[in-house]
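Handing you a structure now.
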Amino acid sequence: MKKQLRNPGLWLALAITAAFALWPALASNRAYARETSFTILKAVAFAASLNILLGFTGYVSFGHIVFLGLGGYVGFYLMDTFGLHLALAALAGGLSSAILAFLLGKAILRLRGAYFALATIGVNEAMRAFIKNFEPFGGPIGMTLNFGVYRAYGGPDQALWMAYIGTALLTIVVVLVSFLVKTSRFGLGLMAIRENEDAAEVMGVVAPNAKTWAYVLSAVFPGILGVLFFFKNGNIEPRDAFVLHQSIEGIVMVMLGGHGTVLGPILGAAAYQRLRGLLLVSPLFKNIQLAVAGVLLLIIILFIPAGAVGWLRTRFSRLRRVLV
Amino acid sequence: MKKFAYWIMVMALLSAFLAGCGATEAPPEATMAPETEPTAAEAEPTAAEAEQPAGEEQTMVIGFTTSQTGSYNVSSLRQVNGLMLWMNEVNDAGGITLSDGTVVKFDYKTYDDESTTERVQELYTRLSTEDNADFLISPYSSGLTAAAALIAEQYGKIMITTGAASDSTYKEGYTLVFQAYTPSSRYLTGAVDLLAHVDPSVKQLAFVYENDKFSTDVVNAANEYAESLGYEVVLFEGYDSETKDFGPFINKILESGAQAVMGGGHFQDGSTFARQVHEKDVDMNYFALLVAPPEPDFADLGDAAVGVIGPSQWEPLAAFTPESAAEAGLEWFGVLGSEFDAAYQAAYDEEPSYHSMGGYVAGQILQKAIMDADSTDPEAVKAAMEAMDMLTAYGRINFDTSPEAHGLQIGHSMVYIQWQKDDAGNLVKQVVWPLEGKTADTLYPKP
Amino acid sequence: MLVPSLMDGLLLGFVYGIAAMGLSLIWGVMDVINLAHGPIIALGMFGIYLGFTGLGLNPYLMLILVIGGGLLLGVLIYWVAVHRVINAPHLSTLLATFAVNMIIIGIATAIFTTSPRNVDFNLGGFPVGPITLPWTRILAALASVLVTALLYLFLYQTRPGKAIRAVSDNRAAAELMGIPTSWILALAFGLGTMLAAISGGLISTFFPFTILAGSSYELKSFVICVLGGLGNPLGALIGGLLLGALEGIIPAFMETSWVPVLEFVLFVLILLVRPQGLLGSKT
């Protein structure tokens, strides 16, 4: 542990994350800066969580957004119906996503490659269709927070800052956890599974358990994130909570930065969101944005499959100590 | 030495990223959309400025999103056209002059929300924080407005909602959101009354509606009302907003044996529903749909449109006048309906729908509130809106001020239209209910 | 209620089957799941739309152009995006085809926007007892059967078709026999996207659509492939009919909004229990 903490790569990753998190405190238009940073941090936390499964274990979850949606729904329901505090609701959201991942994991992690990817899409779509019919969660209309809930936190401004700080702390925790996983024995087991699952089992890795725990770990953070995000938005609908497209964007961010590295998803997510933010409000480019991202993804898949950080690591071996 | 090189690297990367962040903040104008004109035909407000030498000029920025694309584009573009017509008229007339000599003029900032809530929240946040809009107008549709209203409240901006009828938005504890439309709970109750009037023998009703905030609010209230009148509701089912195939629902209607069908949702799904009912030669006597029928574009359906009934917030034939205001003891404000109709047709070369009038009246409400408050201070404007009770070409405007339903529209009421064929065989839209405002008798049963 | 809705469902099932067949063919021949399937279906719809509203062409005439366009587009996609990663792990081909999906959607949204479109084409209906079946749907079902028959003729009676089957069985051996495998793979990919474009074109004659509409048919295609067995074209048609029947039967017993829940639960369960598909035999 002590040795792990001396790794400059960890501090670099944490410093970059903290820089994003602290920026709104220094900016002149703080509310606007907060919104921009919120989007970036949300992407970083989601991509880094996904990376635990995708990057370290080699299982491609196409429907990972289901954990963000489900966690968001559970937490939102508790806040809206029982007036639970945001922090507790966030934990409940994380827990429910973790439970779903645990139950699912035992079953669908037996599938390999494309079959697993297809199954995760199926799970996301089934969940969305189910929530649409689930009346306690508002069915197809979803739920809206009564504005009184924000007043309980000292007004909407306070409440938004609280959601922001929660997201910032969560992102830092995700980065830390993903570093600890990567440098631990558990992480080595996962990477052995990624390289060759059968060989890993022969070497003594209990693959079903290791995969399931990786899946749970990568699901718990999106669950918490979902609660914070939908608390900020103030409403939740099946259409917005289980957007298949967003989970694939998550994969793009991981691939862009470099899968299987700690720093990669952070840089990939930040770069992707920045690109999106720039093009978002331009009528000419707001749709091209998707095409630009597509071309970028295609180039990476075809020519630099290891992503930016992975490429730097292979190209400049001296950087490996810093770029974990 | 080696270590030093690493840390240089680290710092360089870090500062690159910080600079990256900083850049997002610094030149917002460079990345901003050039304000896209909803339609080409717009007069630039320049001429009148010279006539107002006295007083300081103040420009209020109105922020809103437009569904330039996506499934709400037909209704949303009309709404924005109406709003633009109002803005140009006010600016051309030299703005609003307050008692201290300040001249208030209006400008706007808008983005395309693509008819999705996800973008609405992002964009209203941007309008409230980065663009510093003074007042907000809602996007089109209850679903998008619910998402936008929350942002308005979070950032303390007054928002006038139009094209957003759902009651539930005004029961979330908001204090800055004001509704121009008759709430959805009163959308189809009149259609039930009309049915009872044209054919008292009908006893079985079917509700088939879009599963969204607005339509659900509408049919829940209509269902309750119909049952209180002794109707038997034999089918009550929602369809997904993205539904393309109404086959299963049409089969269920046939199975249920209902003679009257009510429901629908917005323009796209409603017109698809009507088209497929026609294609499948479904025999139904009474067919009332939300939102789609009052739009002039509904006539594109041809024979499928004949006999379809729809609730409307306003029709060009509506006759609200200064005299009727005086009779009702209300203050009259603004132009006559016929004047609005003529100005709108001149500006956009198309017939206005009630969504166009909705955009126009949202502007009028803001204008009147600023005039009454004699100030642009949000607190004073809010107080003026709470006290407002006026009659315009659109009808009466009066807001609920109770904490339970603050901002809900309680003054305005609906009319019902039906598409009929005139003697020459052309499709025409007739007002059929309430009886005192009707322009034709109801065509019943639907052919 | 059951009979009319079953008829509706089965007629649609044929068209769904064609869409799934495209996905299934590509999967069977080269082990690639084409995530650009949905946008290509949508492009097929827009092809008909542009021909019909822009040039005033009969939709069925326009379909011939769409068939050619679909084939060429597929060959192009294969060479640009798939060929380089054809032997890489599944993740690479999934992401490469998804990148194509993003590019098509991005460009097409910029051109066409996401506003709904409608091919206003009505041939009237064919009365069957108390119900009326629109001719557009009957013709779509007939066209689907014809396309399936032609595909089988092509695969079993022509040299390129036999080459596709050979490459699908054993790529290395086919290469040794002098078959230009890369071109054959490109051709198979082209056929797959052509089927997707045809199904989109047929759907556009009776349902409204947007540029994003393809994704729901793509998801249906996944379900159908798993029902009928991945990599088995005839299975895809049968799977399509099964799905159509399900969509017809389920609403008779519960709210229509439960249809997708049951569909996707079934999908995941079949993947878990019989990944080769309900009717799948080829492993």
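Every chain is named by a letter (A, B and C) in the order it is written, and numbering of its residues begins at 1.
Assume a residue touches a chain if its C-beta (ideal position, glycine included) is under 8 Å from a C-beta of that chain, and two chains touch if they have at least 3 such contacts.
Predicted model, so just to flag it, every value in this text is computed and none were measured.
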Category of the chain touch graph - line, ring, star, complete, other: complete
Farthest-lying chain, centroid of Cα atoms versus that of chain A: B
Euclidean distance of C-alpha centroids - chain B vs chain C, Å: 39
Cα-centroid distance, chain A relative to chain B, in whole angstrom: 36
Averaged-CA centre spacing for the pair chain C and chain A, given as whole angstrom: 32
Residue list for chain C, restricted to those that touch at least two other chains: 109, 113, 255, 257
Shared-contact residues (touching 2 or more other chains) in chain B: 211, 238, 240
Junction residues of chain A - those touching two or more other chains: 132, 140
Residues on chain B engaged by chain C in the complex (per definition of touch): 68-71, 73, 114-115, 211, 237-240, 242, 244-245, 247-249, 251-252, 254-255, 268, 272, 279-281, 300
Footprint of chain A on chain C - complex, ascending: 33, 80-81, 84-85, 88-92, 94-96, 98-103, 105-107, 109-110, 113, 215, 219, 222-223, 226, 255, 257-258, 260-261, 263-265, 267-268, 271-272, 275
Contacting residues of chain A [partner chain C, same complex]: 58, 60, 62, 107-108, 110-111, 113-115, 117-119, 121-123, 125-126, 129-130, 132-133, 140, 244, 248, 251-252, 255, 284, 287-295, 297-298, 301-302, 305
Chain B - residues contacting chain A, complex: 6-7, 9-10, 13-14, 17-18, 20-21, 24-25, 31-34, 36, 111-112, 117-118, 121-123, 125-126, 128-130, 143, 146-147, 150-151, 153-156, 168-169, 172-174, 211-213, 216, 238, 240-241
In the complex with chain B, residue positions of chain A that touch it: 8, 11-12, 15-16, 19-20, 23, 27-29, 31-33, 35-37, 132, 139-141, 144-148, 150-151, 156-157, 160, 233-235, 237, 239-240, 243, 270, 274, 277-278, 280-283, 286, 319, 321-322
